[in-house]
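The structures come next, written out as structure tokens.
Two complexes are shown next, each including chain A; its partner changes from chain B in the first to chain C in the second.
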Partner chain A sequence: MQRQFLVSRTLIHLIVGAGAALMLLPLYWMVVSAFKPLPEILTVPVTFIPYNPTLENFRGLLTETLFARGMLNSIIIAMANVVLQVFFCSLAGFAFAKYRFWGRDVLFMLVLGTVMIPQYVTLIPNFLLMGRIGWLDTWLPLIVPGIANAFGIFWMRQYIATVPDELLDAARIDGAGEFGTYWRIVIPVIKPALVTLALFVFSVSWNEFLLPLVYLRSKELYTVQLVMANIFRVQYKVNYHWAMASAILATLPMAVLFATLQKQFISGLTLGGLKG
Partner chain B sequence: MLGSKWPKIAPYVFISPFFVIFLVFGAFPIVFSGVVSLIDWKGVTMGEFVGLRNYLNLFRDSDFQRAVLNTLYLLVLSGPLTIGGGLVLAVLLNSQLLRLRGMFRTIFYLPMAVSLVVAGLAFSMLLNKPFGFVNDIILRQGLNLEPIDFLTNPLAAIPTLTLLILWRCIGNDLVIMLAGLQSISPELYEAARIDGASPFQTFVYVTLPLMVPIILFDAILSTVNTFNMFAEPYILFGTEGGVDQAGLTTGLLVYRTSFKYFKFGYGAAMAYLLGVVIFVLSLVQLRLGQRD
Partner chain C sequence: MLSRRARQYLTAYGFLTPYLALYVTFVLLPVLWSFYLSLCKGGLLSGTEFVGFQNYIKAWNNSLFIRALQNTAYYTLLVVPLAMLSSLILALLIDKMTPFWQNVVKSALFLPMVSSVVSLSIIWKAIFIPDRNGPLNTLVGVLGIPPQNWLGNPDLVIPSIVGFEIWRGYGFWVIVFLAGLGAISNDLYEAARVDGANAWHILTRITLPLLRPTFLFLLVMGFIWNFQLFDAVYMLTAGGPANASATVVWYVYRNAFHFENLGFAATMGVLLLVIILIMTVLQLKYIPSEIE
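For the complex of A and B:
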């Protein structure tokens, strides 16, 4: 019995350990390659630790490409998405959670139903629409449609429902208006949920690739993901050294957020998965 | 006047931004897309009305058939691996026998913090021929094995894509499966233990049946995600889907048709048909799940 226990214990560690090593391998290779000069990257047999470690790739990336600009653009776009979506989702979530009004349940089902629409069905007509209203080659298509975030409303409603009604009644007796109750009472008590949603919106916006690819033409407006894809394949020349350096720098903001707020992020992902 | 009515109107005002934005950029495009798909567009200017011709042409289009077959192949290959792998991994990570569970969990979640573009870049490095890590290992075996052409051999395209998806997405399956495992009552495991069931028997007769709804949910998610996939094949194989279009998926084809060749009507018809296919597949999977 004791021996069998030991065998299964070793086996589990071997399997999970091997899996974990495979998960880390691409990340390891990315980091190592970023510190190799291009000729060393292209050498066979490969070096597992940089033979000539260098920061030249990062210097070149930041001075000879639009990468820094892309980072800045992505941060601005992501922040705009965060502010708008967190505000409008919590406001709508507040209404659905704390008001009784005619048609409420039907309207809420309608909100949830919208998550089932595949992105491709709306992509082409939206492109034609954006062209008509002069939004092509601007950031507006990457920001404005996102305000209709059904998952965000669902998430905020769930959380705001747990806020005691007495708190809201007390505020109203003190003369706070409808918006004042939301702004001064609800917002401060739901901060953890706001942080989770903010993190979620930031990561979706940061990683988005198809929309900026379709809508942006001017290179100065490119998001960091677009800049990276472009650096990687500049006609007939593959810039592995810059690509790997950019991959590390572009992951940094997400990695920092992920590390500091891992618990919230995972619970947010579970619910995000549930949205289908 | 408004003052006394405001509390009644307020909730409608609070939820109105969602509906205004959705009507303009969600509901209207869905209807408009149907109209677009019936027209032969010349660039961004409207062409002539062609009825269902765009849809009929799809069935004779070898690129479309290729993309659908590739995507189905990808789904058949990657679906069981990510879902089954996620489930097995969740059971192992839940085991009391395992030390450092938190650390291992974090490692499996890690690739999710990486964008799809970065994941694509990392894999085109890792799997490169000849100077990628994997081919270097193959060459050093001393077994006279040929290096594998992961990125340009047509036969390897979909398996390569599967590797990338497995790496990037298994954390997501793991999250879902771990959440599912938590909902299984510990008493059932206790009962199985008292009855003398082996860990394998416990998995097959206790865990698996109770996880069926979660597995189906995950399967629907995988199906939808596979048909919508774009960034991964785009980075690995380019807009054309690589050599012999072996990496051409439906997402890539919709993009290429609409935004490279500017055949908006044809692209819209394609997107509409695929939208229906995804919807039907999801319904079928749901039905299968409810039979038990």
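For the complex of A and C:
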């Protein structure tokens, strides 16, 4: 019985291990391809170790394309999204969780109801709106509307509801104003939830494609995803060598965040499942 | 001096105002505006003109829209069951592993999830190279299958994108199943074992029934996401060959931003939204989520 258990357990580890390795094969192939000269990526037979490893692809990518600029742009946009969404969502979540006021439940349901509304439905009217207020070809459409993040509110409300009222009342008695109570008591207590939301917002912003595609025209404003898509989709020519190198570099920030904050990431991405 | 109650009101609305203002401007009004636009014709440059339900009749008679709808449905009906079944099996296996290896495998599954569709598409476009020596063709060649034009063959293009999307989303499906499995109390398994139940009985009588809410969640979300497929189509095929992989959102995007058909694009967007809502309501209504 014991032996049979051991055998089946080893077997499971082997099967799953092989499956996971197979899943990672495309990513491994991306990494080795980034170090291959272009002809070697396309000509073949497929090599899993580069014959002539080279850093030329990265050099070309960073000097001959707008990739570095795109990375910088994406970092600025993502940080703005993180700071604004975490601040405003936690503030609104605090109001929904800890105050009693007329219309609270109706408002909350209304906000939650829009979780189901897909991005493309609001895209066309928002595009017209941005045109009228002169926001086209700026980063504002990628930053400002995102603050109205229904998931962020929901997530924050759930978490702040678990903060004991006594803690808040104690702060009020000590003379902290309402905002002071939020800033000095609520924020420190809900830090783990804030980190999860921040990670989630960062990854959504970093990987967003449709919005920058529609709103940005000037190449200097492009996000990293847009720069990458552009490098890749040059007509009549496929720049696999640069594209592979850019795919690695563009994934790097997310991979580093993921490696350091894996636990928060998993709850964050499960939260992301609600977004779709 | 304001009463405590009045102060509560003012503070709460004060905290909510920035959020609500943005919500009304960029979410609520645009949704309503979208419905109005669906009754208009015209584009970004020409301006719009109210035409009533003409666009809806046009959509009904538009063979490309119908084709895009069919493609979207075909695509979703492939992805959801395949991803559900395979990720369930994998999650059941992972659940039996030691915690250390569980974490290793979870990390491996998550890497594609944190990467962008753009970078993953670049990799897969190369994997799908139709050449005899392309990576995927080399792989299937080992199995004795002749080289295929994965993204260029109208019959193969959707299954190919389906493979890509399953691979990309796998981590999420597995993690959700693992969370569902983790929530099942060990006492139930113990009790079943004491009663002499074998592994198959435990799986079919305890594990699967208790996973019902998880199934329902993944089913609903799987339909909602996959009905909105766009990024992968844009990157891998641009809707081709000959619209064989065009999805509804792709066609909406083309009409709105390339063909100057804002009104018609809004109409198709509204129709897709209605379809998604009806599907979701039906799924929630007719598929029991309660654990018996």
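Throughout what follows, the second predicted complex is superposed on the first by the 258 of 276 C-alpha atoms of A that agree within 3 Å, B and C clash if a C-alpha of one lies under 4 Å from a C-alpha of the other, contacts with A are read in each partner's own complex, and residues count from 1 in each chain.
Please note the rule applied: a residue touches a chain if its C-beta (ideal position, glycine included) is under 8 Å from a C-beta of that chain, and two chains touch if they have at least 3 such contacts.
Keep in mind that this is a model prediction, so the values were computed, not measured.
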Chain A as common anchor, with chain B and chain C clashing or fitting: clash
Which superposed partner A:G134 touches (first chain B, second chain C, both, neither): neither
Touching partner for A:P164 - first (chain B), second (chain C), both, neither: neither
Touching partner for A:G175 - first (chain B), second (chain C), both, neither: neither
First (chain B), second (chain C), both or neither touched by A:N207: both
Which superposed partner A:L91 touches (first chain B, second chain C, both, neither): both
Partner chain(s) touched by A:P39 [first = chain B, second = chain C, both, neither]: neither
Which superposed partner A:P118 touches (first chain B, second chain C, both, neither): both
Which superposed partner A:M30 touches (first chain B, second chain C, both, neither): both
Touching both chain B and chain C, residues of chain A: 9, 12-13, 15-16, 19-20, 23-24, 26-27, 29-30, 33, 41-46, 88, 91-92, 94-96, 99, 101, 104, 107, 111, 114, 116-129, 131, 144-145, 147-148, 150, 153, 178, 182, 203, 206-207, 209-210, 213-214, 225, 228-229, 232-233, 240, 243-244, 247, 250-251, 254-255, 258, 262, 266, 269-270, 273-274, 276
Complex contacts: residues of chain B adjacent to chain A: 6-8, 10-12, 14-15, 17-19, 21-22, 24-26, 28-30, 32-33, 36, 44, 89, 92-93, 95, 97-99, 104, 106-119, 121-126, 130-133, 136, 139-140, 167, 170, 172, 175-176, 179, 199, 217, 220-221, 224, 227-228, 230-231, 234-235, 238, 251, 254-255, 258-259, 264, 267-268, 271-272, 274-275, 278-279, 282
Chain C - residues contacting chain A, complex: 7-9, 11-13, 15-16, 18-20, 22-23, 25-31, 33-34, 37, 44, 90, 93-94, 96-98, 101, 103-127, 129, 131, 133-135, 138, 167, 170-172, 175-176, 179, 217, 221, 224-225, 228, 230-231, 234-235, 249, 252-253, 256-257, 262, 265-266, 269-270, 272-273, 276-277, 280
Residue ranges of chain A in contact with chain B within the complex: 5, 8-9, 12-13, 15-16, 19-20, 22-27, 29-30, 33, 41-46, 88, 91-92, 94-96, 99, 101, 104, 107, 111, 114, 116-129, 131, 144-145, 147-150, 153, 177-179, 182, 203, 206-207, 209-210, 213-214, 225, 228-229, 232-233, 240, 243-244, 247, 250-251, 254-255, 258, 262, 266, 269-270, 273-274, 276
Parts of chain A lying in touch with chain C, wherever the complex brings them together: 9, 12-13, 15-17, 19-21, 23-24, 26-27, 29-30, 33, 41-46, 88-89, 91-92, 94-96, 99-102, 104, 107, 110-111, 114, 116-129, 131, 144-145, 147-148, 150, 153, 178, 182, 203, 206-207, 209-210, 213-214, 225, 228-229, 232-233, 238, 240, 243-244, 246-248, 250-251, 254-255, 257-259, 262, 265-266, 269-270, 272-274, 276
